[in-house]
Amino acid sequence: MREEKKVLLRCEHLVKEFPVDRKRAVHAVSDISLEIYEGECLALVGESGCGKSTLGRTLIQLHEPTSGKVFFRDAEISAMKPAQFAQYRRQMQMIFQDPYASLDPRMTVRDIIAEPLVTHKVCESKEAVTARVLELMDAVGVPREFLYRYPHQFSGGQRQRIGIARAVALNPSLVICDEPVSALDVSVQSQVLNLLKDIQANYGLTYLFISHDLSVVRFISNRVCVMFLGKICEIGDSETIYRDPVHPYTKFLMNAIPIANPHLREQEKTLLEGEIPSPIDPPKGCRFHTRCPYATDRCRAEEPALREVKGRQVACHLV
Amino acid sequence: MLKSIGKRVLQTLVVLFCVSLLIFILLRIIPGDAITTMMGEHANAETIERLTKEMNLDKPFYVQFASYLRDICTGNFGSSYTLNKPVTELISAAFPNTVMLAVFAALIAWVIGMVCGIIAAVRKDGILDRLFMGFSLLGVSIPVFMVAMLLQYLVGYRLHWVDISGVKNWTGFILPAIALGWNSAGSIARLTRSTLVEVLQEDYIDTAKAKGLGQGAVLLLHALRNAMLPVITMMALQISSLLSGAVITETIFSINGVGRLAVDAITSRDIPLLQGTVLFTTVIVIVGNLIADCLYTVLDPRIRKGA
Amino acid sequence: MPKKSNPLQDDFRTEMAAEREALAAQLGESDTFGDKMRRLASDNKLAVFSGILIVIFILMAVFAPLLTPYDFDEMDLMARLAPPSAKHLLGTDELGRDVLTRLLYGARVSLAVGVIPTVFSMLIGVVLGMVSGYVGGMTDAVIMRLADVVLSFPSLLLAMVIMYTLGDGITSIFIALAITNWASVARVVRSETLSLRETEYVEAARSMGVKDMVIIFRHILPNCIPSLIVLFTLNVPSAILSESSLSFLGIGVQLPKSSWGLMVNMGRTYLYNAPWLSLVPSAAIMLVVLAFNFLGDGLRDVLDPHLKNS
Amino acid sequence: MEEKLLEINHLKSYFFTRKGVSPAVDDVSLAVPKGKIVGIVGESGCGKSMTAKSIMDLLKYPGRIVEGEILLDGKDLTKLSARERRRVRGEDVSMIFQEPMTSLNPVVKVGKQVREAILTHQKVDRAEAKRRVLEVFRQVGISEPEKRYECYPHELSGGLRQRVMIAMAMVCRPKLMIADEPTTALDVTIEAQILKLIKTLCETTGMSCLLISHNLGVIAQMCDYVYVMYAGKIVEQGDVFTLFDHPRHPYTQGLLASIIHLDEQRERLSTIPGMVPNLMHLPEGCAFCNRCGQAMDCCRTKKPELYDLGGGHAFRCFLPGESEASHA
């Protein structure tokens, strides 16, 4: 399987900065290159402000990159004009974090799921649209009889299902899931995660799964990319990374998760000190050095590049 | 902080320029032949010629505008042709009366409005709340002239409590100030209530209560400081509506103020006087808003540090 | 269409059965526009009453000729300044004209002045506000400075100057009020648009490739409508008040036409011997304005609790 | 059994809304022993926050305590006058909230906000109060306390704000601290710091803590004793080891089963079907019956009582009685 991996989306030296004022900018994504392979689920993990959401949005051109290139299959979509890009747009869809804010409160379930179909004029008639919407509702498990209901009548989990139906309506190749379960209750969270996995299998989708929750990522993804302050720390197969994290930040991140087993709590944990630095004025050298207990002078001066260590890519001078 | 205030001052200057341009266009360009409009059909040739020269009406548009700008920057608003006095002189004679009236009205309105609003918010859905809010809606809905005339008729004519023949000393300002402040009191009360009710729902109010603070302390130290911010904005906006209302109040109570000058200027078609009074009041409004903005910046640390 | 049968789907079905049951219970309490209106009707009797009052005023204005035996400028010189009586329910004015009749006819002008300029100012305000909020940048700056300029004037003075420029007459009043009132509408719509533009469902639409114009009409405008309804009900009375102020100062509606403001103005001379002449039309203005404000308040409570100080 | 600091007996706090009565807290009894950390775990809307707010007397209209007693050191808080109750708040019981972003007054310096807590309860002058604030700041791990004292909330990060909140809760040396989802809004590395801080503070000062969370991981790491809430009722209670090792209630079992473990790759997550019921439309019998895989006929018609398994472990279900019946 490893041999026949085909690249679906690829970015090279992608940079995204949001200007704060004339002099300063938020360095949300700094010089990131990565590939997303067809059929996989790549997870972007990191704490708030690490740029994972921005990276996802920049990859599908919701934000215009400050510099760098994005290729979809082999077409450079970052250089395209809007008209030219339109046909690629339908290949990339998105599922959002907040199921309460991502559905227009004034539209019925039918209109919400039909919006991408109507926009890209895939169906000939209104009846065809409705038929397709019903089909999608079946697929995500929203009962058909709620076709003409409004979103506020549904619970968070149901809304998220509607959001998923909307995202897969056009049979896209790539779906960006931006924290799709973090706003949901524990018991509903696992339902939606199962659904996402089913949908991926049934529709042959590729996921870019953005999350701060390492457990969720563990379940859903094949590959993990750990980010810190706009940079990749570590990227590789989930199995490899979860079994043996190499980058100090990844280690601390995994260590910090409260484990639901009271027998493990007496183990003394080493915790990260300090706060996350501001992305407006990121530290020089390795961006993690201000929090890293192992930081050396080299870390403070020189930015580490990604290199192959133990079957995955790591950006750290010390490993 | 200085930077944001500086930016605001710059914006104000742009607005001031546009305001003077707008007044210029409205009063000099559109009415066609300004002089005939002003003098009616009975003007003699000589006067027309003199006025044309005086107002640069024979020059092209931009020259007119330039000299007009130069004039208003040096405080020279020309002279009123009906009253035969410099406009500046007329305004500076009338201005203290308007200020007195507006300040009186504002004091009455804001104190009463805020007190009622606070009580209504604290006793939300109680009898006092309903009573005050009913009254404030009445306050917002009654036209200024109706309050003025009712007061004049009842208090002045029927009860003879105050002299209504004219304004001789500060007591003469009481009725006009009440009439003028009535509306503002209503809207301040309503806004104070609604923001306070909202602020009282905030998490930090729970925090303050959890600390063990009493209701009064929670209200004074935490709720009001936050609720006052929009109210201050509203007060600044009311400078404008108070000056609008002053036009009517001054007319009814025969107070020699800027508003009445403006009405006189319109009825007698006195362009220099109208232009002077309108520009003057507008500048007051703009400066008032600027001060309120600066005050807001000082009171709200989130804006102060430019977050 | 990839749709192979999946054993995993089955346990999904059982989940669904439970969910459907819970959903059905939940759907009982929807909250659509109709529900909100019903809530308004059941909870806020004052707002309902105000609505009825407004309808009555409109009907009275429309059917004025049917409701009164007099003509609106019919003079009865024998009965000048007559106090209210059976013959003249609200008395007569200085020329012996029936006050009630003039009030009914005046309602036509006052209500028209309330509605027509408000419609125009709302149109201008909505378009400019939405463009300003959605496009941003230079366009936004220009439109907002323009609004600042208009809002810098005490509104009555600006209206007066415009009336001076355009000359007297009812059309001038419409224009003057439309010009003075659009700016505050534009500000509200702009801030609404700004916050709507940042919502995830607008972002979702953009991620699907929906065009900007479609987003504005499909997502932003419909979500502004509750605020616009409230804004409209609150702007009508303020326009009525402005017109009456202008007419009161003698720079609005001119004789022989009549509006409530003008009636107040004409009656002011006789304030001490015939107070009803100015107080009756004042009270009419107050009633209509109050009714609109109560209705607007009620609507705001159910439709749009966050819209304040418009 | 240890000495109880806080004891809640048959507490009912209802919301009286236009659509009907919502039993947010329905007959809840719990106890917090001295010096222990007790957890309440449940999903959103299960009444865990409302229980905390009832203790603090922070319920907002239209919610209020209908009946029940809240005993703090044997003194019933519900029977105190408003004034006495206020003295208890902040002095004996303090609370930290979920959202550090909105729980601090945005226009007041954080130092002053913490100082206020001391000045309200103790007769000390401002200089002394400030000294104490700085001391507490150091204790909760705020670096550069003098500088932070003069900061406004928006100038601090989420983690620091939560430390300030903890400082505020600690400054009067309360006997009990209620922490309502103290780390939900924080990043995972910061969460770990804050949890460690709370635990250390409890251990060093002998303070008790009532920790409310939806996160079973947090509960497992922190608590000595756990209450599981569902739809306004406590469905299971027990010490943390028993509860995590031998959960008895189907809901607790479901919750524990849906946890993802980092050390294993799973094909599929086990789930609890359906969704959290609306409190105003609860089923006639057990609130969980619609989602329960083991539901029996009696579950749909009768409300189960707590079934005591001994050793402090109890759960609200018909299953044990039924199984005994079938054995007999």
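The chains carry the letters A, B, C and D, assigned in the order they are written, with residues numbered from 1 in each.
Convention: contacts are C-beta pairs under 8 Å (C-beta built on N, C-alpha and C of every residue); 3 or more make two chains touch, one makes a residue touch a chain.
All values derive from a computational prediction rather than experimental measurement.
Separation of subunit A from subunit C in touch steps, taking the shortest path, is 1. Relative to the C-alpha centre of subunit D, the farthest chain centre belongs to B. Comparing chain C-alpha centroids with the centroid of the full set of protein C-alpha atoms picks out C as the closest. Inter-chain centre distance (subunit A to subunit D, centres taken as mean C-alpha positions): 32 Å. Averaged C-alpha coordinates put the centre of subunit A at 54 Å from the centre of subunit B.
Averaging C-alpha coordinates per chain places the centre of subunit B 23 Å away from that of subunit C. Centres computed as Cα averages put subunit C at a distance of 48 Å from subunit D. Along subunit D, residues 268, 271, 273, 275 each make contact with two or more other chains.
In subunit A, 155, 158, 191, 194 are the positions where the chain touches two or more neighbouring chains simultaneously. Shown for subunit C are the residues that touch two or more other chains, namely 8, 15-16, 19, 22, 26. Touching subunit C in their complex are the following residues of subunit A: 60, 62, 86, 89-90, 92-94, 96-98, 101-107, 115-116, 119-120, 141, 143, 146, 149-150, 152-155, 158, 163, 166, 170-171, 191, 194-195, 198, 201-204.
The touching residues of subunit C, counted against subunit A in their complex, run 1-4, 6, 8-9, 12, 15-16, 19-20, 22-23, 26-27, 30-32, 199-201, 203-210, 214, 218-219, 222-223. Against subunit B, the residues of subunit C that register as touching in their complex are 145-146, 148-149, 151-158, 160-166, 237, 241, 244-245, 248-251, 264, 268, 271-272, 275, 278-279, 282-283, 285-286, 289-290, 293-294, 297, 308-309.
Of all residues in subunit A, those touching subunit D in their complex are 47-48, 155, 157-158, 185-191, 193-194, 197, 212-216, 218-219, 238-239, 242-243, 252-265, 269, 271-273, 275-276.
Those residues of subunit B that touch subunit C in the shared complex are 11, 14-15, 18-19, 22-23, 26-27, 30-31, 137-138, 140-146, 149-150, 152-153, 157, 187, 191, 194-195, 230, 233-234, 237, 240-241, 243-245, 247-248, 251-252, 262-263, 266-267, 269, 274, 277-278, 281-282, 285-286, 289.
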